[in-house]
Amino acid sequence: MVSEFTAVAVFLLVGTGIVLFTFGLAKVIRPSAPHPVKLETYECGETPLGTAEIQYNVRFYIYALLFVIFDVEVVFLFPWALVYRSLGFFAFVEMLIFIAILVFGLFYAWKKGVLKWF
Amino acid sequence: MSDAFLTNLTFYVLSFCVIAGGIFVVSSRNLFHSAVFLVFTLFSVAGIFVMQHAYFLAAIQVLIYVGAVAMLMIFGVMLTTQLTNVRLRHVNEQAWPAFAVCLFFLGFLVYGLWDTPFKISQAAAPAEVTRAIGTLLMTEYVLPFEVVSVLLLVALIGAVVIAKKE
Amino acid sequence: MLELRGLIDAIWGLISGLLSGLGFSPNLISLIGYAIIAAVLFGVVALIVLFLVWWERKVSAHMQDRLGPMRVGWHGVIQTIADALKLLQKEDITPKAIDFPIHFWAPVITFVAAFMVYVTVPFGKGLIVSDLSVGILYIIAITTFTVIGLLMAGWGSNNKYSLLGGFRSAAQVISYEVPLTLALLGVIMIAQTLSLGAIVTQQDTIFKWYVWRQPLGFAIFWIAATAECNRTPFDLPEADSELVAGFVTEYSGMKFAMFFLAEFVNMFTASVIAVTLFFGGWMSPFGPDFGPSWLWFLGKTLFFVFVLMWFRWTYPRLRVDQLMGFAWKVLLPLAFLNILLTGIGIYIFD
Amino acid sequence: MAEATISLNHYLMLSGILFTIGVFGVLTRRNAIAILMSVELMFNAVNITLVAFSDFVTPAALTGQIIALFTIVVAAAEAAVALAVVLLIYRSFKGINVDRINFMKW
């Protein structure tokens, strides 16, 4: 049962445990002097105006979206890269088509101006 | 601690994480909490994949679902919700009927699955699963593979057209 | 021989003998073994990070013709330990408006994700906790949790600067993630394996280092990795003149320390990946048996960390539009070109 | 090996429960993004099933794993487009509660 991923699980548990332990330790050691001003949201010493519910620009979302598409592409490239040498020229052409189609997408986004920040 | 005990323990702990995470995803009032529990559930599902010897798929699950899809959800939540007004009603009027329907559906699934004999195969899995997947993608599944790129292109263009500011 | 593996095996022989004498089952003993390794490695990583913080301050100081920390210990070597102890005692000031569970778990996730990379890092000959078959893919996958941590910190703080800083960091990290991964793909095409241990053993002399066959790939990787670590010239998330402290604005005490340490761990990780994939990992330039392997590994890695620090005092900060444009319009096409060239190169040269 | 180990049915049950949770979410949540999350849960339930069958029924052919891989890709594409639609809805309706978005009825 002890597979290669057992270490990953153990590391997850031990790492989280140690971090939480240091938080707990700090809680025991540190002073606590509550004051109403300390409970305020930081805004350079001013009284905060409104909450953080400003509308953020949609461009962040567009980058996230491009990332999703290209991340998925990369995932398909991994198994391909692993067998590239054994499969020969055919695999290369297949991947060329695959990449070309997505580079076209990137080019489209570029021309549409979504890669521009301003 | 025998092998079987460890396997069982891992499975039940992971299943608990998956199911508890799923329940929180659909029931949390705070949408951002839902998204974080979604990340938790997806990560636990990756653990389940590891138990089923699908190591490549587990890595992909974390990479695409946690790193991309859940992150996109979080972006969506951050762009459309406010932290302050989470006290609104988050379910519609159909909650109880839906619960009944789901219970019936689950009962139906369990009833259907419990006694079905599946052809359990004892064949050995390929030694290097990732390499085998690569070979399969390049030979047997080459058409779906190329269609995926077209699908991604369509999704990219569609999403850009929809989300772009006029 | 100065190899650590023999020593570790000897110590582990003693402990496991003791445990099996106490009637523990073999499975439990190996679990305990992993737990001990994890705890020890946590300590090692923490020590390395404390050293890096001190080193960064010294390097910065000397590059600016200052002295840096001098008081605590010889040339201030234990300054960061003193700082860590100070942070441990700091009051944890959290505003009332935060989303507590999110705010609390964000630093934990960020740090643990940064730490979990070291499961499959080959530190030296035989010094790898678990040589995962999906090695590189595992590292790439686990580091995506950093983005989740950033977004949680930004949102959970309920602060304008935090939210904007979190958004910016996340957008930057994901933009550079794609060219970074594509740059690593060139090495995988040559090496034909994802396991880091195998990649290191393939590069057993200086002539077989993959950097010679992947110069463009390495350049892309290194630029993207600098951006992933939020280092200058890509340190926009911490542009203190615009965003106060970015997503860590509302953090103090140990929680702040976790973000701070995770940043240095990530810096070390980036150097580790560069060394392992492109510069022969723990192999010495002259073959596997020249000097202690872990020392070669540490030396090479620290050199690359030094390069990151060097960047910081050489380049000015980019503007946000230049930053994103560079990732998508320059690095990404170059990364595709690199894959194409690698594909053709393998045909011509092999 | 006296104790029972995990069989195919265990995975199928887990998948069934997760799928049901997803269905419940889709039926009851008002927020469009929450509905999308529930759909992701359903996708994951299906993937567990596919990989389980791949592991127990066709371990050599890996069919289930390949199909799960394609499922993940389709899910990612779906999420990208669906969230773009959600953003558009948010812009025109100033909210994303789906029971308010009923202009197609008339």
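Letters are used for the chains, namely A, B, C and D, taken in the order the chains are written, and counting of residues starts over at 1 for each.
Simple rule for what comes next: a residue touches a chain if its C-beta (ideal position, glycine included) is under 8 Å from a C-beta of that chain, and two chains touch if they have at least 3 such contacts.
Values in this document were obtained by computation on a predicted structure and should not be read as measured data.
K.L.:
Taking contacts as defined above, which has more of them, B-C or A-B?
P.N.:
Answer by contact count: A-B.
K.L.:
In angstrom, rounded to a whole number, how far apart do the mean CA points of chain B and chain C lie?
P.N.:
Centre-to-centre distance between chain B and chain C: 28 Å.
K.L.:
I'd like to verify one number: the distance from the centre of chain A to the centre of chain B, where each centre is the average of its C-alpha atoms, in whole angstrom.
P.N.:
17
K.L.:
What is the distance in Å between the mean C-alpha positions of chain B and chain D?
P.N.:
Spacing between the chain centres: roughly 6 Å.
K.L.:
Please report how many Å separate the Cα centroid of chain C from that of chain D, as a whole number.
P.N.:
Computed value for the inter-centroid distance: 33 Å.
K.L.:
Which chain C residues sit where two or more other chains touch them?
P.N.:
Touching at least two other chains: 27, 31, 97, 132-133, 137-138, 158, 163, 167, 170, 174, 177, 194.
K.L.:
Among the residues of chain A, which ones contact at least 2 other chains?
P.N.:
Touching at least two other chains: 1-2, 5, 51-52, 56, 58, 60-61, 64-69, 71-72, 75-76, 78, 81-83, 99.
K.L.:
Quick one: which residues in chain D touch 2 or more of the other chains?
P.N.:
72-73, 76-77, 79-80, 83-84, 87
K.L.:
So with touch defined the way it is at the top, what topology do the chains form here? Options are line, ring, star, complete, other.
P.N.:
Contact map by chain: other.
K.L.:
Spell out the part of chain D that touches chain A in their complex, as residue ranges.
P.N.:
Residues 72-73, 76-77, 79-80, 83-84, 87.
K.L.:
Considering the complex alone, what residue numbers of chain A touch chain D?
P.N.:
58, 61, 65, 68-69, 71-72, 75-76
K.L.:
Inside the complex, what are the residues of chain A that reach chain C?
P.N.:
1-2, 4-8, 10-16, 18-20, 22-23, 25-27, 29-33, 38-44, 51-52, 54, 56, 60, 63-64, 66-67, 70-71, 74, 77-78, 81-85, 89, 92, 95-96, 99, 103, 106, 110, 115-118
K.L.:
Applying the document's contact rule, which stretches of chain A touch chain B when the two form their complex?
P.N.:
Listed in rising order, the residues of chain A that touch chain B are 1-3, 5, 9, 51-53, 55-56, 58, 60-62, 64-69, 71-73, 75-76, 78-83, 86-87, 90-91, 94, 97-99, 101-102, 104-105, 108-109, 112, 114.
K.L.:
State the interface residues of chain D toward chain B in the complex, per the touch definition above.
P.N.:
1-6, 8-14, 16-25, 27-31, 33-34, 36-38, 40-41, 44, 47-48, 51-60, 62, 65-66, 68-70, 72-81, 83-88, 90, 96, 99
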